[in-house]
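Chain IDs A, B, C and D follow the sequence of writing; residue 1 opens each chain.
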Amino acid sequence: MLNTFGTLYRLTSFGESHGSGIGGVIDGCPPGLCLDEAFIQAELDKRKPGSAKAGLAGTTRSEADRIKFLSGVYEGKTTGTPLAFFIENTNQKSQDYSKVAQSYRPGHADRCYDEKFGFRDPRGGGRSSGRETVARVAGGAVAQLYLRQLGIKIFAYPEAIDGIYAEQYGDFDLEHLDGRLFFAPNEGVIPHWQERIEEVRKDLDTLGGVVKIEAHGVPAGLGEPVFQKLDAYLSFALMGVGAVKAVEIGDGLRAAQSRGSVNNDAMQYENGRLTYLSNHAGGIEGGISNGQPIIARAYVKPIPSVAKEQKTVSKNGENIMLSVGGRHDICAIPRIVPVLKAMTAMTLMDMVLLQRRCGFTGRENG
Amino acid sequence: MLNTFGTLYRLTSFGESHGSGIGGVIDGCPPGLCLDEAFIQAELDKRKPGSAKAGLAGTTRSEADRIKFLSGVYEGKTTGTPLAFFIENTNQKSQDYSKVAQSYRPGHADRCYDEKFGFRDPRGGGRSSGRETVARVAGGAVAQLYLRQLGIKIFAYPEAIDGIYAEQYGDFDLEHLDGRLFFAPNEGVIPHWQERIEEVRKDLDTLGGVVKIEAHGVPAGLGEPVFQKLDAYLSFALMGVGAVKAVEIGDGLRAAQSRGSVNNDAMQYENGRLTYLSNHAGGIEGGISNGQPIIARAYVKPIPSVAKEQKTVSKNGENIMLSVGGRHDICAIPRIVPVLKAMTAMTLMDMVLLQRRCGFTGRENG
Amino acid sequence: MLNTFGTLYRLTSFGESHGSGIGGVIDGCPPGLCLDEAFIQAELDKRKPGSAKAGLAGTTRSEADRIKFLSGVYEGKTTGTPLAFFIENTNQKSQDYSKVAQSYRPGHADRCYDEKFGFRDPRGGGRSSGRETVARVAGGAVAQLYLRQLGIKIFAYPEAIDGIYAEQYGDFDLEHLDGRLFFAPNEGVIPHWQERIEEVRKDLDTLGGVVKIEAHGVPAGLGEPVFQKLDAYLSFALMGVGAVKAVEIGDGLRAAQSRGSVNNDAMQYENGRLTYLSNHAGGIEGGISNGQPIIARAYVKPIPSVAKEQKTVSKNGENIMLSVGGRHDICAIPRIVPVLKAMTAMTLMDMVLLQRRCGFTGRENG
Amino acid sequence: MLNTFGTLYRLTSFGESHGSGIGGVIDGCPPGLCLDEAFIQAELDKRKPGSAKAGLAGTTRSEADRIKFLSGVYEGKTTGTPLAFFIENTNQKSQDYSKVAQSYRPGHADRCYDEKFGFRDPRGGGRSSGRETVARVAGGAVAQLYLRQLGIKIFAYPEAIDGIYAEQYGDFDLEHLDGRLFFAPNEGVIPHWQERIEEVRKDLDTLGGVVKIEAHGVPAGLGEPVFQKLDAYLSFALMGVGAVKAVEIGDGLRAAQSRGSVNNDAMQYENGRLTYLSNHAGGIEGGISNGQPIIARAYVKPIPSVAKEQKTVSKNGENIMLSVGGRHDICAIPRIVPVLKAMTAMTLMDMVLLQRRCGFTGRENG
C-alpha cells in the first residue's frame, strides 16, 4: 500500500520531479532472471520526455532517463534479493517555485496535497508529477522480461486521441507499434492525430484519449476470486496512473447495453482443445483469466496544465487567473502508453507468483 | 489480499452459495461505535433475493438473510476487536449438482475455477456466486455507520438499465431512493425499466445497466498519492464486484474527449471558502479527495445465466447446448446497488483510518 | 496484521471468551487437501479446558470445543477458498461481571485494553482470554495436515515446569507425547511436576515453565533473508501467544556465552549427502532453514490469575485487594503446548507457500 | 514482508555488502518532521565499521557511511512521501570471490541462500552481510526523531559480553552510553570486556553477548491484542537482526521459574496517578504497552567468521577445512547495539501510527 504496488512482486517507488531523481525497489523478483538492461532502457526511452514517439504531443523537457541498478544483480542475473534502481533527474532547471507554491493549479493535486499533508514540495508537482511513472516503467520492464519467458506478451497503444479512433484508418498491426509515432496501431491515423494535436496546441489547450491494452499468452487461472479479481487488480493498477479516469475490461461499458446471450463467450472444443467463440469478457471470467487475451482500456483525461488562463485561487485566499506554461505535454498519450503497459505487466507478474502457492502451475508450464 | 479487502478497515469474507451460509470478519473497526443492527439489516434487505425493490428483475429464490454478530460487540458497541458475522443460507434446495459439475456455464467462472484450483464446489456457483456479496453489504453497512458520524453519506442508484437512462424521465431525488423500485433516482423511469425487463425475460435473455455512486461530505485529503490513489482503490473495490466490467470516476470516459480548459475544475473563494465551479473530476484530483462529492459509475454486464440455450462444453470434452434455468435474476440491477454502495463505504472508511496516521485530521473534525 | 496471522496462509481469528464462541477464517489453504476433521478435533481436544492431559494444572471449566467448518470444504476436500470455522462457547456461566469491569486484575490486559480502546468487554477477559487460542489450534491443525504431506512433522512438549527439567528424569521419546500427562517427553518427570503443581495450588499461587518445539523434515530454503527471517517470524508467532515472555532458537541464550568455533555447525559430506555435525543454530542460518530440525523454546510466565489476594486498583481510582478466583488454570502448561505447536505449523506453512513463488521447490518435492 | 518492515511506518531495505551501496525507502513517515540529518548520521556512525566505540571488538574495514537522502524532504522537512536514502559502499576491495563462491562458511547463510535462490552473490556475504543493517539504523533514526517529539526515548546497551555482566561492575547510567566504549552502561565493566575480547582474538575465535533495550515514555495502549502484540512484534524486529538467537521481554526466561503472585506487577494509585510497584512484565501486558518502560533483551551469538580452521564443505561436494580471515569483527557487540535500538524505534513508531486509527490518542497527546 501507500507507495508499494503488489503482493509478491512489489515495486516501491520514490522520488520527485525536481529532486535528485526517481527510483524504486523491486522486491520479490524470482532469482536467476537475466536482467536485460537494454530492454529495460528501451522501455524507459519510450516514456522519455522528448521521445520522438510523442510527435508534437510531448513536452520539450528532455531527460536522459538512464537507469542504474543499485542492487540485486550478480553477473547479469537477479539474485532474488531487492532490485533497486535510480534514474537521475538531469534536467532540473533552477527556478523560482514561490509562485507555484502559493497558487493551486486547476486539475492538479496541489491543493489536495496541502490538505492531505499540511504542505507540499512545489517543485514541478513534486511527487504528483508524471515523472514518478518512470519508476513504474522500470518495474514493469523487469516483469515483462520474466513474463516473456512464460510466453506472455503485453501490447499497449492509443485507440483514440480526442475521439479520433484509429480503427477508422486501417487494420491494427501490433507487431510494429514501437516503430510508429504515438505507438499507433496503424499508419493511417497518425496524420489525423498530429493535425488535431497541432490545432489544440495553437488553441493553448490540451486533449485526452483512450489506450488499449492487450496481454497475449496469459494462462488460465490467474486472479483471486473475491476481492483481488484479476480485473479488479488490473483496474487498480491502471486507474492508479495519473490522468486515467475510467477503466474497462473487455467490452466494458458496451456490455451494459448488451444481452446475456450475446455477451457470454460461448465455448467449444476444436480438435480436442477448448476454444471460445468470442472475447467479450476480455479474457477474464469471475475475476480469473480464462486463457484468452486480456483486453483492457484506459480513458485518459486532457493534461491539466493548459497555457490558457484559468480561474483559480492562491493558497492565501485570493481569486487569481493562472496560465500554466512551462515545458508541458499537450496530451498524456503517447507517453502514458508504456506506463500502462508496465502496470499491466506488474499485475500479471504478481498474479503468476501468487498462483504458484497452489502448488500446481497449470498452463504456465505446459 | 485474497479474501480480505482493506488495509486498516478489513473485511475477510467467507462462505458459498449453497453451503451453510455466508459470513465475514471485520477487523479494524474503531471501538465505541454504536452497532445499529436495524440499519445493517436494512442494508442487507435491500440486496436480499426476492426484495420488492427488484421489481420483476430479481430471482425468486428467497432468503431470510438475517445477520448474526458472533463477536466484537459489547452492550451494543464495537469493542475494537474483530466483528464477526454470519448469515445462514436457509433456502438451499437439496438438488443434484452433477450436471452443473460436469458442464461449464458460459459467462460464469466454472471453467476458470477448475483451471485455478483443480476442482470446484459446483453447488450454486460456490464461492463465485453473487450470494457472497451479502458479506460485503454487511461490511459496508458497519462502515456507513461510522462514516455517517463524520458527515459522510453515500448514495447509489441505477442511472440506466439496458441503455434507458433515468435522466430522460425527470430530475434526480436522492433522498428517497430506498422507497422506489430499483432504487430509481426518479419515479418516471420505473415503468420503462419494468417494461424492458419484461420483454427481455420473455425473450429468455438478460440485460445490464449502469450504477452511479455519489459520496457526499467526504473531507479533502483522503487517498494515497501514487498507487493507492482514492480513485484507483475505489476502482479496485467496484470492479471486484462480479458483473462490473467498467468503472469511471467523475466524467470518466467523456474526459477522454474533453479539453483541459473545460475538464479542469476551476476554484474560487466565495465568502472565504474555497469552492469549485464544476466537478468533472468526480471529487478526486491526483488520487486525493478534494472535498467535492465523489462520483463514480459502474457498468454492469447482463447476468450470464440465460434461459436461452447456449453453446458450451462439458468438463470431459463434449460440445453441448446448455440452458441455465433456475431461480436466477434477469438483471444484476438493482441487487448490485447496495453492494456497490458497501464497497464504496469500505473504501472511504479505510482511507479515513489511513489518513489519521498523519496525526492531523483536517476537515474530518471540523 | 491486527487479527490476521500470515502472508499467504492466513488465519483471521475472532471471538471472545464469554461471547457466542470463537472462530476463524483460514485463507490461502491450497485446494485439494483432505480435511481430516478427526485430526483437527484431536488437536483441539489437547488444548481443551479440563483435558486429562492437564493433570492437576488445568481449569475445571469444561468446554465441548466442537469445531464446525462453515465454508471452503467440498466432499471432504479444501476448495482453495476460505475455510471458516466456529467453536461455540457452551459453558458461559451467566455471571455478574460488574466487579471485574470495575477492577484491574494484576498481570492481565484489563487496564491496557481500557487504555487502548477506551473500554472493554469484561466477560472472562473478552478478547484477551486464553480461550482465543482455540482458533489458532484449528488454524495450525489444518497447516499440519498439509505439512505432513511434505514430510514435515512438528513436536511440542514441556521441557520444564517451574524449573524442574524433564531431562533429569529420563531420555526423551517424542513419538508418545500425546499419551502422557502434560505431553511430557518422558514418564519420569510427571510425578515431580504433579507434586510441584499441587504444592503451588495449595499456596493459592501459579507457576510457569518452558516449552520446546521441534520441527522435523523441514526443507532447506524456507525463510526470507532480511526482516521476515524464519527465526524472526517464528519468534513473532510464539511470542504472540499470551504468557510467553521469551523465545529462543537453537542454543538461544546459551549461544551468547559460547564461542564462534563451538557454536558454528560444521558441515561435511557423508555418502554424498551434506550433513551437519551439530545443531546449535536450531536449523536456521541467516534466517533460512538449513534442513536440520528447527528447534525453538518458549518461556511461559505463571498464570496471572492467582487466588492469593493482590494489591491492585479499581477503574475509578481506588486502591483495592483482589483475589482472582474462578475456574482458572494453575499453569499455562500443558494447555499452551498445542497452541505453540499450531503457531509453528502456521509459520512453516506460510513459508512453504511463500518459497514457491521462486518457481522451484527444492527439497520439498524430493 | 520480504524486505519491508512495518505496516504504516515501512522500511524497504536494499543493497549488498560489496555492491554499489546499501539503501532504503521509508514510507509512511508523517509529514512535517524536521529531518535532523546530523542526528541520523550520528546514529549511523555508531554502527560504522571501525567505530571507536567498538574498542578492539570491531572489524578494521572502514566505511564513510555517509547517508544521502534521495527524496521525501523539502526545506528540511519530511513531505509525507517516501524518504529514500543511499549509503555508498566506498571500501569495496576488488577481490577474488571464487573461493568464497565455491565453499560454505560454517554458521553463515551461504548454503541456505544457494538452497533458497539457486545461487547467490558471494561478494562479502551479499545480502546476508551485516552491512545491510545500516539501512535499519537509518530507518530507526528517522523513527527516533519522531518518537522524541512524543517523549519516547530508546536506550540500548550491552548487558553482558561472553557472560561478563556489567552489573557486577557498577550502577547503570543510561545518559552517557554514547560516550563509552561498547556503549557500556558503566565504566567499570569496560576493561573486563576488553581483556576477554583480546584473549578470544588471540585464540582466533569470536564471542557473543546480551543487549538490553529500554524504551522510556511509551504511552499505554500500543500493540494489537492477538497476533501483532507489541512484544511479539518487537520480538520479530529484534530476532530479525542477524546473530540474535533469543529475545526476552521483561523478566523473560526468569518468569518461567517465578510465581504468579510475584511475577504480577501490582498497581496502586499514588497522588491520583496509577503506578506499578514492579516491572516484571517489561511494560507490556496482554501484548499492549502499560505505560511503564519497555524492557527487552537480545541474546547475540558469536560472530561465525572465525579465523580458526573449521570443517566444512565446498559447493561441489568436497570436505574441506576453512579459515575465515578478512576484516571481520570478533564480537557483534557493540555494533549490533544501534541496530537493535533502530528496530525498537521502528516497532514503536509503527504502533504509534497504528493506534491513531482508533481516533483517540490517549497519553500520546496528554
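Keep in mind that, in the parts below, contacts are C-beta pairs under 8 Å (C-beta built on N, C-alpha and C of every residue); 3 or more make two chains touch, one makes a residue touch a chain.
Quantities reported herein were computed from a predicted structural model and do not represent experimental measurements.
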Among the chains, which is located farthest from subunit D on the basis of C-alpha centroids? B
Would you mind telling me which chain pair, C-D or A-C, is linked by more contacting C-beta pairs? C-D
Inter-chain centre distance, subunit A versus subunit C - centres from mean C-alpha coordinates, in Å: 46
For subunit B and subunit C, what's the span in angstrom between their mean Cα positions? 39
Using mean CA coordinates as chain centres, what's the gap between subunit C and subunit D in Å? 26
What are the residue numbers in subunit B that touch two or more other chains? 2-4, 13, 28, 31, 80-81, 116-118, 127, 225, 354, 358
So in the complex, which bits of subunit A are touching subunit D? 2-4, 10, 12-16, 19-23, 25, 27-28, 31-32, 70-72, 74, 77, 79-84, 86, 116-121, 123, 126-127
Subunit D-facing residues of subunit C, complex: 1-5, 7, 13, 104, 106-109, 111-113, 115-118, 127-128, 132, 160, 162-163, 200, 203-210, 219-229, 231-233, 235-237, 239-240, 242, 245-253, 255-261, 263-269, 272, 274, 277, 281-282, 285-291, 299-306, 308, 310-313, 317-319, 354-355, 358, 360, 362-363
Please name which positions on subunit D make contact with subunit B in the complex. 8, 28, 30-31, 80-81, 225, 353-354, 356-359
